[in-house]
Structure formats: structure tokens, C-alpha cells
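Pasting the structures here.
One chain, chain A, links the two complexes that follow: it is found with chain B in the first and with chain C in the second.
The block that comes next holds the complex of A and B.
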């Protein structure tokens, strides 16, 4: 989404002349907010129900946490472990490939920029469900070579998070004068390794973090590829649990939604804190 | 990159053109003309179109309302993150949310039935069929609209409103003559993006409907995992080809509109 970089992180604008008046604004946001709150409230209400007798209590929540790692929710915990591992793997793959590539293109091959942008944004336009049709044969080959462990999904996820990670890192890259920084460091006698690790990466910290967090959120929420390739991740385990125990599935969903919300809120903060108004508006890191 | 993006896409589309023995054939592509498949494409199409239009309208209204809030402020931060979560992360969880809301024992269903005597399922339970997909889809379309359309609305310059006022224009001339023409490409672009999003979305539908395959992604699932109709994997390829064609057209339109919209955002 090419325009997103122009949006957030901009210093507080003066009251816009064409903005709606306060009552109108409150009314619109109130109505939409209320409608959107209903399903979430319903989820909470659902988890507090006390069986057929009616009434509400916290027994299901406490039961979930009392069981711990040994309880009946072990499959979900295993799946959560899988998902977290996958998220970390995906972040590693994407960052290790994308950051050096983007830097190299930025410094050495500016002409390739359009091409790289096109390639990185491409996965957005190919639905995961289409990708999975082609991934199935690819994975049957991979399974023959390295086994069918869950971790192999990290490669496929690397592709699906590419557009998000690209936007986050690229817009940070646009805001930093990489060329001058690296030339200054080179003049002062730094090798390429220390230019990369001690000068460029710290400057791109915000974009890299935002890209990593978005990748984590996307991987934890991914369902299509995992379910059709029969791998067990958080989302597929949730569906399985929901068939046997809908209450637990809803509690876990609420927790996951809450976690993702906090994660994205942190991304937003990262984008806002170190903004310098004089430069090009900085990214919020929203996908 | 090559192995996990290009190869799968080529295979996905390519398998549409070969039969079980690996010979080239157009028969599987001709299966796209099958009434069931056509029906699925039709369903997918109107579901995406309907939810895109509703989502875009509601989302645009929300963006308009958010225009007054300072962009670094807490309200915007919360709305941004919430939109991100619901648009990207939801999937399966949205299905649960709607089962808890308007399922047979859902909160809204029960309240309506017990307090108002309205039975929303009087004609049978529709949540797990096509109409039931509309509400959850809108629930993730609106946040996506907020994410994609907000930057365009925010790029409206206050100076344009002032210029309009100095030249004697009213509020309505400002919106009709200035803001709407500028916003139109962005709005249509976001609409297309919403359409593409709904068209390719799979998780919510898969978690909500366990039987039957009324939309294309579910058709692909049943073609891939079918146990009764062997050798239908190639049909999945043909379906994938159909989806790629639709998505290609939509994304082409999107980038064309995007280029037009970008003129005003420098």
C-alpha cells in the first residue's frame, strides 16, 4: 500500500477545516464502535456462561489456567509452541534476506529498486489459497528431503509476510540518509561488516522491528496454508479444539486477539516515538 | 523466493492444463464451465462485491469521523492497531466471534428471542451458509478500508478548504467540486482492494462452514482434500487459474487507480 507511508507518524495536524464537528464525529464513531464491540462482548459473555443452568462465572477461565501445561489443552500449547517457533523462523529468514538485499539495492543498484518493489509486493495479489495449490507438490518434494516438520512452513510464510516487511523496512530506509552514513563510516575506516552492524542496522532499528512484529502477527494468524498442508499451528489447533470445547476455543481466541492488538499498538508507538517532523513522514508500520 | 512464490504459482496455474497422466489438456479448464464451479464463482463474486461496497462505505464514514482526531493521538493509535488486528489477524477467530454472537445460542440471538420475541433463525439457521458469511466479512472489510483509505483522506490539504472558503465556496461545493473528485480514485482503489481481499479470504469461511463449498476458496479445499473424487487435484489448479485471472484484473485496476490517486499526494 504505497500511500500508507504518508499517513501515520505525522505530527499532530492543526484542526482541519473540512473535518466533521465534534458531535458528528462522536456519533459516527460511537455507532460503528458499538456495532464492532458486539461480537467481542458476545465472545466474553460466551466464555463466562455456566453451562445449561444459566448464570455466569469465571470457572472456564480458571479451569484453563489451572490445567497448565499438563492439562487437556496440551495440543493447543504444542500448537502455540509451533506457531511461535514458526514466527521466529519466519522473522529470521525474512530479515536476514530482506535487509541486506534492500540495503544493497539502495546503495549499489538503485535501478533495481522498481523491480524489487514489484517482486516484494507481488505476494499480496496472489491469494494464499492459490499459493497452497502449488505449494502442495513443492512440499511433497521437501518432505522427501528434510521430512515434514512444521518448521518448513517458515519458507512459505516468508513469502506471505514479504510485502508487509518490505513496506516497513523500505519506508524507514527512505527516511534515513543511508548513503552519507555509510560513506562517512567508510571514510573513518570502518569495514563493510561494521558499517552494516554498527551504523546501518541501528539506524534502521525501527523499520526492522516493525517488520518483525508484523511478520509475527501475520504468522500467528495464518490459517489457510497450515490447514491445507496439514500442519498443526495455533489457528488449526483452535479449530480442532472448537469442535470439542467451544468455550476454550473462544477464550484462547480472545487471548490471541488481545495479544495481537498489544503487538500492533507497540508497533504504532515505535513509529510515533522517534519521528522527526522535518524529514519525510515516517511509517506507522501498519500493513 | 523462486521456489516458494514463482514455482507454486506456476504449478498451481499449470496443473489446470494437464490431465492425470501429465499430458496437456484443456479439459480441466473446461471444467470451469461446470455449473457448480460457475455457481461458486458467482457466489464468491457477489459476496465480495456486496461486502466490499458495504465495507468501503462504512469504512469511509469512519475515516471521515477520524479526520478530526490528531494523528498521533491515543484514539488513532487504538483504531489503527485494532484495524490491523481485525483486518489481518482475525480469520478463524472472527468465525468464533460470530458463532458466539449470532450462533444458535449466541448472545444476540438469545437476547432477541427472549426479550423481543424475534427469532432470527425462523427460516432455518443461515449463519453457516452463504448469508452468514456476509456479516463476518464486513467485520474485517471495514478495518481494512480504514487502513487503506485513511491516508488518502488525510492527504486532503487544509489549504484547499481555505482556498475554497476564500473564493466564496460553501461546504457543499468543497466536498462536491474538490474533495470528491480527488478522493474518487483512492476510494475506488480501496474498493477493489476490499473486493480482492474478500475474494481470496479463506480462513473465516473454512472455520464457519464445515460442509458444502459455496465459494471458490472452499471449492479449492474440497478439490484438494476430496476423498471421494480422486484425481481432482487438477481441478484445484483450474480453480486457482480462475482466481489468479480475477485477482490479476482487480490488481491491475487497483494499480491504475493508485497511479491516478498519487498525483494529489505529493
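The block that comes next holds the complex of A and C.
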């Protein structure tokens, strides 16, 4: 989708001087694809096993879909809902807090950049378990104020995704002349709101989307913090299920993978559609 | 990469005018008075005064760090002022938000919005002013036609050459019919040929629209070529304002003489309103200058090379080097007292390195600077 758009709207990028040849590229892609595919294929194979005899069938899949949702696996569905909600909450925190902060630092307080970078990268060097030790008393306060709903985990996740989201957005920020673009927009009569929404966000779309993708991926895969703070998310629910029925747990993991994949695809699609330039109704444009 | 010039007509004049356009828009009068701007202790503007008359094209010229870009940016509202006032048609705008000042600005770096096509870039200012779809598009197309790029409405910035991008930026700045046009070294990123072409075009469009324009540049050729008046800046102040001819022929100080065009700076003295230098007596631009030792600025074209055989009074020296500049030639001569002078003369005269030669002053008034005693 993106590729065809690029080739139609923009001139072809010049060939890199020492780009690997086509067979080499294919080989590299193949090896990497294999590394990713083996565990997934193994999972699929595992769920298709029939008893101890060595045959394969779909009995476990059909059993799950036949009556699973009615009672036994309901907690997993609830957990999935929790995780998706958390992912959205975390993305919101990143978009509403991190993006404006980085823009403000970039435009108004460039001296703070070092500090912001340090603060944003810091969480990556702190193990989740250490984070939880620090967060537990904080959450007892949070619980007292806004209750102990699952969504409050978004605060903690907002911190854990910070390093990844920061890198994604900052590198985009460095590649765009944000200062000149915003000054140009202001001289053309745009207030700060218009500068942000009509000029900066569209040009930082790539970084913002990448940051959002990473936030979603991290949240859907996070286990330690949720488990230690006793919140039910997809990962913690899967662990509970796997203790009772490993086959079903793997099936659900596969479904979760597929779900995350579709989610990212949808978000990518939404982002791509917005950049498509609006065409003028009159092609010649002569008034 | 610049497209051949298409018919430079203003179509706005020939078609029925819309309400937004029918507002009377003769160029605005801009007055800076006593504007001060400090950056972390450094005074970028130190009581800056300048008036731009309606429809006038004024160039702000100066070395880097002289405050010229700051002056333009405080007018645009991109920097705040610490003191002083900026009046546009009598109204103080120094506390007004940039977006409300109604300026058009072209930046030094390419500033087209990369996610919008050329046409959409030009539409941006109209969109901010809530101009409706059809009118917006036709006005944008008109503005692009004004800069000769109406065929490039759907192109994106990365599909345009540098010169084309700056033209689109110019169209974008002009489409809203702003009160003042601000040009912040818009040509400095372009190559020499495009630069000259585009500066002529900017001047033509500015004259057609009659829009008051402030043009910041560090290139004296550019300033002298296009501006009605040039203000030369130094250390946050205007050192001299005048027509290009005034600045060139009657520089108020050797700094101006040196900055606007080439200049020889020679030791001499002032006696009774005349400068004595290398045995010659020259009139002063400012005859009231007090007597004493001075540095005298003499243009290379105000010196002549002479044949030693025919002269007795002229300064004498030896040719060090000579360089060819098309129709003219510039020769460096070391005078017998060790002073180096540049002489500009016709290209037919071709002195060789090492020649003994005479140098004569043509008697054009010169500017002088009192020598400060060495500390």
C-alpha cells in the first residue's frame, strides 16, 4: 500500500551505491522470516496435535469456538479488552503528553533537550521488577484518588514506552525543520493550534505513528508490571489459562498475535490515507 | 531548472474583485523607533530606527551579527521587543501575535510545508483566513501564475528546484495580500544565476503589487541592485540609509565605503576640509570633518593607472597582481612607501606583474575616519 503510493507520487529514490544484490536481499529476508516463522509455525502445530497418537486435527480450535466464549474463557476476553484499553490509554498519554513536550522543548527550550533525552531514555535501564517496587506505593496513592481500575496501569506503561516513543518521535523531529515550518505558518496567520494540527502533526506523522505502534506492541506484550500489581491483562490471563490448559493458551496467544497484527495494519492504513493529497477539481487550474 | 518566464500578468486586476481583495491596499508605512532586543546580554538591536514608506522596497544590509535578521523578525513578531515601538500605518504592533500582524514572509531556508502540494501551500494563508474552497483555489492559482509556476500546482516541495521552491514561498507570502512583505535572505541558498534571475523577478512583482517590502541580505550587490533604499546596519543600529547611489558615492563612513563596494583604506590627513593622501588633495564627502590624521576610503574605480614617463605628481609603485573580471580588470599595486592599493580599470589595459607604474586619484569626494591613537 505504502510502496505503490510512493512510486506514484514521488520520484524514485536513487539507488544506493553498494546496495546488496537481489539474491542477497532475498536470502536475508528469508532467514529473518524463518526466524520469525519457526516459533509461530511450531505454536500452530502444537495446537493441532491429536492426543498422544501423533495425528493432527482442528478439534481444539473448534472446541474453543464452539462453547469457549460462554464461560470458561470469558476472563481471557475481559483481559483482552483490558489490554486494548490500556494500549489506547498509553498511546493517548504518549500523544498528548510526549509530543507537545518534545515540540515545546525543540522550539522554545532547546537547552532542556539533553535533560529530556536523559529522562526519556532512563526507563529502559530500569528492570520492570525494580519499577514495580517503586510504583507500588505510588499506586496505593493513585488507588486512593481515582480507584484501582485496570486503566490506571496506563500511567506505568506510559513510562515504560517512553524510551521507544521518544526515539521514534525525536528522530522525526530532527529530520524536519520544525522551527521554520512553524514560523512560516504563524506569519501566514495560523495560531498555535493550527500550527500544531495542520503543519507539525502531519509532518511528524511517521514518528508519531511509529511511537504509537511501539506503545501498542509493548503494552500488549507486557507481563511483569501487570502481574506484580495484580491487574488482569491479556498476558496475565494467558498465564492463568495455560496452567489449566496449555493448548488453549497457545491458541489464544496465536489469536492475540493475529489481533495485534490487524490492529497495526489498520492504524498504518489510517495514517497513510491522511497524507494522500487532495486533488484540485479543475486540472488545468486556469481561473 | 527555472522555467522560462510565462506571461507576467496580474489576473486579479482583470476579473471581478471579491470582497476580500477590494479592501484598499496601498503599501503600508512601517516605522521602527528605538527598538531594543537583547539575547542573553548581547544587544542585537540597540535602539533601531527605520521608516519604510508606502510601497517602498528597503534592503537591510549588514555583516552577520549586525542585527538585520533580528530587525525583520521583530517586525514579523517572531521575536519580542525589549523596548521601542513598531508602527504599521500608525498602529503599534509590537505586542501583537505574529498570526495577526498580516505579514507575508519568505525565509532563507526552504520553508514549504512538505506534506502539502505547491498549490495547497499557497492556499494555506487563505485557509487560515477562512476563504472558501473555490475562491481559495483560484486565488492560489493566480498567485502561482504571478511567479510563473501555475503549471506546478500539484507538485510537492521535493519535486521542485530550490528556485522554484522560493517562488512558491513568495506566492504563498503574497496571496493573502499582506500589508508588508518580509524577505529574509530568500536567495542565499540558490546558485548565482538563479539568484540574479529571482531577485529581478521579486522586484518586478513587488513593483506591480506596490507592497511595502523589507529585504534582509548580506550581499551588497543584491541590495544595491533591487532596493529603493538601502539601510546598512552595524552593531544593532542603522549606520546609513540612502538610495544605492548615495551609499556608493557618498558613504557616511569608511565602514559603509568598505561594506558597500570595494574600497582602499589609505592613511592620510584632513586639512581645511580636504583630504591629503599619497600627495593628492581630495574633496571630502563631509567637508566639516575636523582636521587631523585619518583613514581615507578610495574606490578602486576612483584610481587610474598612469604611464611613468608622462607623469611626475602621481604616486609610483610596482604591479603585484592583476585579475580579469569580464569588461574590467583589477590590479593590485604596491606603492613605493609599501601601501597596497587596488585599481579598477578597463580590460584593454593589461599591466604585467612587476611593471613600474603610476597611480593617480581622479578627485572624487572621499569619506574619512579619524585615526584613533593606538592604546
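The rule is simple: the second predicted complex is superposed on the first by the 206 of 287 C-alpha atoms of A that agree within 3 Å, B and C clash if a C-alpha of one lies under 4 Å from a C-alpha of the other, contacts with A are read in each partner's own complex, and residues count from 1 in each chain.
The definition used in the following text is that a residue touches a chain if its C-beta (ideal position, glycine included) is under 8 Å from a C-beta of that chain, and two chains touch if they have at least 3 such contacts.
Keep in mind that this is a model prediction, so the values were computed, not measured.
**Student:** Between chain B (first) and chain C (second), which does A:48 come into contact with in this model arrangement: first, second, both, or neither?
**Tutor:** neither
**Student:** By residue count, which of the two partners contacts chain A more extensively, chain B or chain C?
**Tutor:** Counting residues of chain A touched by each partner, the higher count goes to B.
**Student:** Under the stated touch criterion, which partner chain does A:112 make contact with: chain B (first), chain C (second), both, or neither?
**Tutor:** After superposition on chain A, A:112 lies in contact with neither partner.
**Student:** Touch check for A:184: first (chain B), second (chain C), both, or neither?
**Tutor:** Touch partner of A:184: chain C, not chain B.
**Student:** Is A:176 touching the first partner chain B, the second partner chain C, both, or neither of them?
**Tutor:** second
**Student:** Is A:256 in contact with chain B, with chain C, with both, or with neither (first, second, both, neither)?
**Tutor:** The first partner, chain B, only.
**Student:** Touch test for A:202: chain B only (first), chain C only (second), both, or neither?
**Tutor:** second
**Student:** With both complexes overlaid on chain A, does A:240 touch chain B (first), chain C (second), both or neither?
**Tutor:** Neither: A:240 stays clear of chain B and chain C.
**Student:** For A:93, is the partner it touches chain B (first), chain C (second), both, or none of the two (neither)?
**Tutor:** A:93 sits against neither chain B nor chain C.
**Student:** Taking the contacts chain A makes with chain B in one complex and with chain C in the other, which residues are shared?
**Tutor:** 9-11, 286-287
**Student:** In the complex, go through chain B and note every residue touching chain A.
**Tutor:** 1, 3-5, 7-13, 15, 58, 61-62, 64-73, 76-78, 80-94, 96-101, 106-108, 139, 142, 147-148, 150-152, 154-156, 158, 161-162, 165, 171, 174-175, 179, 186, 196, 199-200, 202-203, 206-207, 217, 220-221, 224-225, 233, 236-237, 239-240, 243-244, 247-248, 251, 258, 261-262, 265
**Student:** Spell out the part of chain A that touches chain C in their complex, as residue ranges.
**Tutor:** 9-11, 176-177, 180-181, 183-191, 194, 198-199, 202-203, 205, 275, 277-282, 285-287
**Student:** Would you mind writing out the residues of chain A in touch with chain B in their complex?
**Tutor:** Per the stated touch rule, the residues are 1-4, 6-22, 24-25, 28-29, 32, 36, 38-43, 45-46, 97, 119, 122-138, 155-156, 158-159, 217-218, 220-221, 223-224, 227-228, 235, 238-239, 242, 246, 249-250, 253, 256-257, 260-261, 264-265, 267-269, 272, 284, 286-287.
**Student:** Which stretch or stretches of chain C touch chain A in the complex?
**Tutor:** 11, 15, 76-78, 97-105, 107, 109-111, 113-117, 119-120, 124-125, 128-129, 137-138, 141-142, 150, 153-154, 156, 158-159, 169, 172-173, 176, 182
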